[in-house]
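Per-chain numbering from 1; labels A, B and C assigned in written order.
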Amino acid sequence: MRKILIATTAIMASSVAAMAEGTLNLYNWGNYTNPELLEKFTKETGIDVTVTDYDSNTTALAKVEAGGSGFDLVVPSHNYIPIYVGKGLLAELDHSRLSNIGNIADEWADVPWDPNRAHSIPWQWGSTGIAVNTKAYSGDPHTSDIFLDPPEELVGKVNVVPEMSDVMAMAIFNVGGEACTEDLEVLRKVRDKLMAAKPSWLSMDYGTTDKLSSGDYVASVNWNGSTMRARINNPDVVYGYPKEGYPLFMDSVALLADANNVDEAYQFLDFIMVPENAAMISNFARYANGIAGSEPFMPDEMKTAPEIVTPAEHADAGRFLPTCPPSATELYTSIWTELLK
Amino acid sequence: MSGGAHGRSKGLNGWLLSLPALVLLFVAASGPLLIVAVYSFLEKGDYSGVRWIFSGDAWFRVLFEKDIFDGTVSLADANLSIFWRSVKLSLATTFITFVLGLPTAWFIATRAAKARAIWLFLITIPFWTNLLIRTFAIMEVIRNQGLLNTALINLGVISEPIQILYTDTAVLIGMAYVYLPLMVLPLFAAIDRFDMRLIEAGYDLYASRWLILRRIILPIIKPGIVAGCILVFVPSLGAYVTPRVLGGGKNMMIGNFIELQFGQGQNWPLGAALSMVLLIVVMGALLLYTRVSSRDDPHG
Amino acid sequence: MGKRRFDVTTLPGFTFIAITAFVLLYAPIFTLVIYSFNGGNSVNVWGGFSLKWYAIAAQNEAVQSAAIRSVIIAVSASGIATTVATMAALGTTRRGRFKGQTAIYIMINQPLMVPEIVTAVALLIFFSSIKIATGYTGLGYLILAHAAFCVPFAYLPIRARLEGMDMTMETAAADLYASPWQTFRYVTLPLLMPGVIAGAMLAFVISLDDVIITEFVKSAGQDTLPTYMLGQLRRALTPEVNAISTVLLALTVVILTAFFLITRKRD
């Protein structure tokens, strides 16, 4: 009881002390930050890290844009970085304060969505593909037809995660279009394809790791890290990289323009670029990070996982989704609404 | 405040007593909602928010839709079908919670005074666990390998699991579950002051039980019924989590549709306009109700 | 009660339906508690009996403080909401119609009428500007927001109780020279109590459950149990939340039992 009282007082008092020295406020996706990583950081630097969760890029953007919530670091997906930058919400990074900046793997050191890493440091990256239970379907898993034109044995059994941009992108790739296309001929095919496919879907839901493990879902549009977790529980689950094209994402840590704890934030950014520490991020959430030399610190099951280490023959089909212009989003929302009305 | 107060002082007292609630609501609910009302008349901003330029676009889009392929303008039947689905489901939810809730509230109100508080708490305890985890627990009961199907198969009632999860039935089960206490508690509050001697009098006059229920009990506990129905029907119109998780999210309810505009759809003005429409419709219905009910209200 | 007699308060089928309702209410809770003892990593795949999630939850300060924060907010918000709702209910019933009564009624019920996301966005914009202007980012905003949307949930049951409540007792008290306060304290309030309890419990539960408004209003480090879980939803929920929920349930039951025993002794 006393412990609860102490904790209670601490919670009531802590809100006042948010700007005290040696603290850092990280605003990150839920269940995405390894607590051991934070402990290690606190032990090395004496800085206390408070993590606050969000569940979507749009919520995070709305809150950061409104301001005043006291966050220092945020972890948007790659295609949201240009939006944050365009709205002036991020501080440009002073690379001279980041001694480990050279640890970023070459392929991630200069990326289209953040030239020269001026605003963000890699956190984790992965792909959106297809998870299939081989007991229910033994054919080729490497195609988005599994949800857009399901084989007979999967009709009525497919789950689709309710992510508009991912699902739209996969459907556009499936009919041969480019991401963010506004070509109405392509979009008409996309719409027809989705409308025809929807009756064969079981559901549009998250929580795929559990339901793939338990066999409730035998096929689903899913993320690679989640599929790996499901496969560890249930060896029948395989991950498919659709040959028509599949979206890649990279969540990156960025410093907010109105951060209160800038020095602490730099220390944290530098800290997570140490290979050993970057590996801790991956070991927790099961996605690859972008730091060279972190693999030796990962367990074997991750080093060889076919979901994490993209097989060479499937690598080319993966594409980072660019930031779609509002006019494209408007078209996609119309199709999405028609699909779900 | 007893019988003597009349006329203007009555109204003054009424306003004064309601003032704290009104101030609280104005600061932290209705007042900020004015921002949303204003937003519905602005242009949408890039990726989020609004641009401070007047536009009737959002309101146009509430009523009409422009086909993105051939540019024809027609009545927005997507909006309409989403709205209609929400109304149907909310009505069904209200009906189920009433059928289950009235006997439950009655049962609680007719216990001995001490036990009553315990039963009342028993109704709310399941709701001390969070909505999401509760929804997942319901899912656990009704899914194909879940409690219900396993039990039915073991009992030999069925041989194959019944697909309940991701159907409208699942949504109804979930909504009825979530909203049941909102029906039971106001009903209890009304039944608890019901004078049981009235029933006795009814029996003495040879009334049937059905007649007693309809002619004596229901009219007297009507305020509780109304409160319960409002508390269930109105919030379930905007329900969001339950339809998405248990219904499988393949068909939107109005809550999901509005959320889409503020989220991935990046169209805040449209979200704002849609919610204003919902607000106006519900307000209108409530207003109509108070008008109609004040006509036959003996205290009016 | 020694004599067997016809119980007028029993209506056919009512007890059966009531018991069924209780069973239905507790079936999911039962599975929830069971899975808190799951040795596996999932909330719906059984992996043997284990206490590991309790151990993990006991180690996890984030989830503990989120749980405590939820309770703090719910207690404060339902307290405020019930107080102002009781006053408003007294102000708007049983004193005859007055100008603006319907307006008050509509205004009080307004939070019910829009989906949470709308209030959430409105509050985000409004509170953020206050946060920036004042620099205060404490729990006050969350308590205020929760108190506001809890008002109708407290108001309607109290009003349902008040409506048609007999006024003779109060008139009698006034005739005996009781002050308005005494009349309220010793006559009206006890009569009103079941409604107040029902309203307060609803407000408490509604606040404890809120996720979207909280998600938009919270400042750094102010996750509640629901927002903590919402953040996990997209990835995977673990039985850790079942363990936390079970502890909360157990605490509730213990407090209730104690309360029951104490009040029984006093009689």
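We adopt the following convention: contacts are C-beta pairs under 8 Å (C-beta built on N, C-alpha and C of every residue); 3 or more make two chains touch, one makes a residue touch a chain.
No experiment lies behind these values; they were computed from the predicted model shown.
The chain with its C-alpha centre at the largest distance from the centre of chain C is A.
Annotation: A-C is the more contact-rich of the chain pairs A-C and A-B, by number of C-beta pairs in contact. With centres set at the average Cα position, the gap from chain B to chain C is 16 Å. The distance from the centre of chain A to the centre of chain B, each centre being the mean of the chain's C-alpha atoms, comes to 35 Å. Of all residues in chain B, those that touch two or more other chains are 136, 143, 262. With touch defined as above, residues shared between interfaces to two or more other chains in chain C number as follows: 43-44, 121, 125, 127, 229-230, 233, 237. Multi-chain contact residues, meaning those touching two or more other chains, occur in chain A at positions 56, 59, 62, 207, 214, 216. Looking at the complex, you find that chain A touches chain C at residues 4, 7-8, 10-12, 14-16, 18, 25, 27, 29-32, 35, 50-56, 59, 62-63, 66-72, 206-207, 209-211, 213-214, 216, 226, 229, 233, 285.
Those residues of chain A whose C-beta lies close enough to touch chain B in the complex are 56, 58-59, 61-62, 65, 83, 86-87, 162-165, 184, 187-188, 191, 198, 201-205, 207, 214-216, 326, 329-331, 333-338, 340-341. Interface residues of chain B facing chain A in the complex, by the touch rule stated above, are 44, 46-49, 65, 68-69, 77-78, 81-82, 136, 143-145, 165-166, 244-245, 248-252, 256-257, 260-267.
Interface residues of chain B, counted against chain C in their complex, comprise 1-5, 10-11, 13-18, 20-22, 24-25, 27-36, 99-104, 106-108, 110, 114, 117-118, 120-134, 136-141, 143, 146-147, 177, 180-182, 185-190, 192-193, 196, 199-200, 203, 209, 213, 220, 223-224, 226-228, 230-231, 234-235, 237-238, 240-241, 254-255, 258-259, 262, 268, 271-272, 275, 278-279, 282-283, 286-287, 290, 294, 298-300. For chain C in complex with chain B, the residues that touch the partner chain are 6, 8-22, 24-29, 31-32, 35, 43-44, 80-81, 83-85, 87-88, 90-102, 104-119, 121-123, 125-127, 144-145, 147-149, 151-153, 155-161, 163-165, 167, 170-171, 173-174, 180, 183-184, 191, 194-195, 197-199, 201-202, 204-205, 208-209, 211-212, 225-226, 229-230, 233, 237, 241-242, 245, 248-249, 252-253, 256, 260, 263-264.
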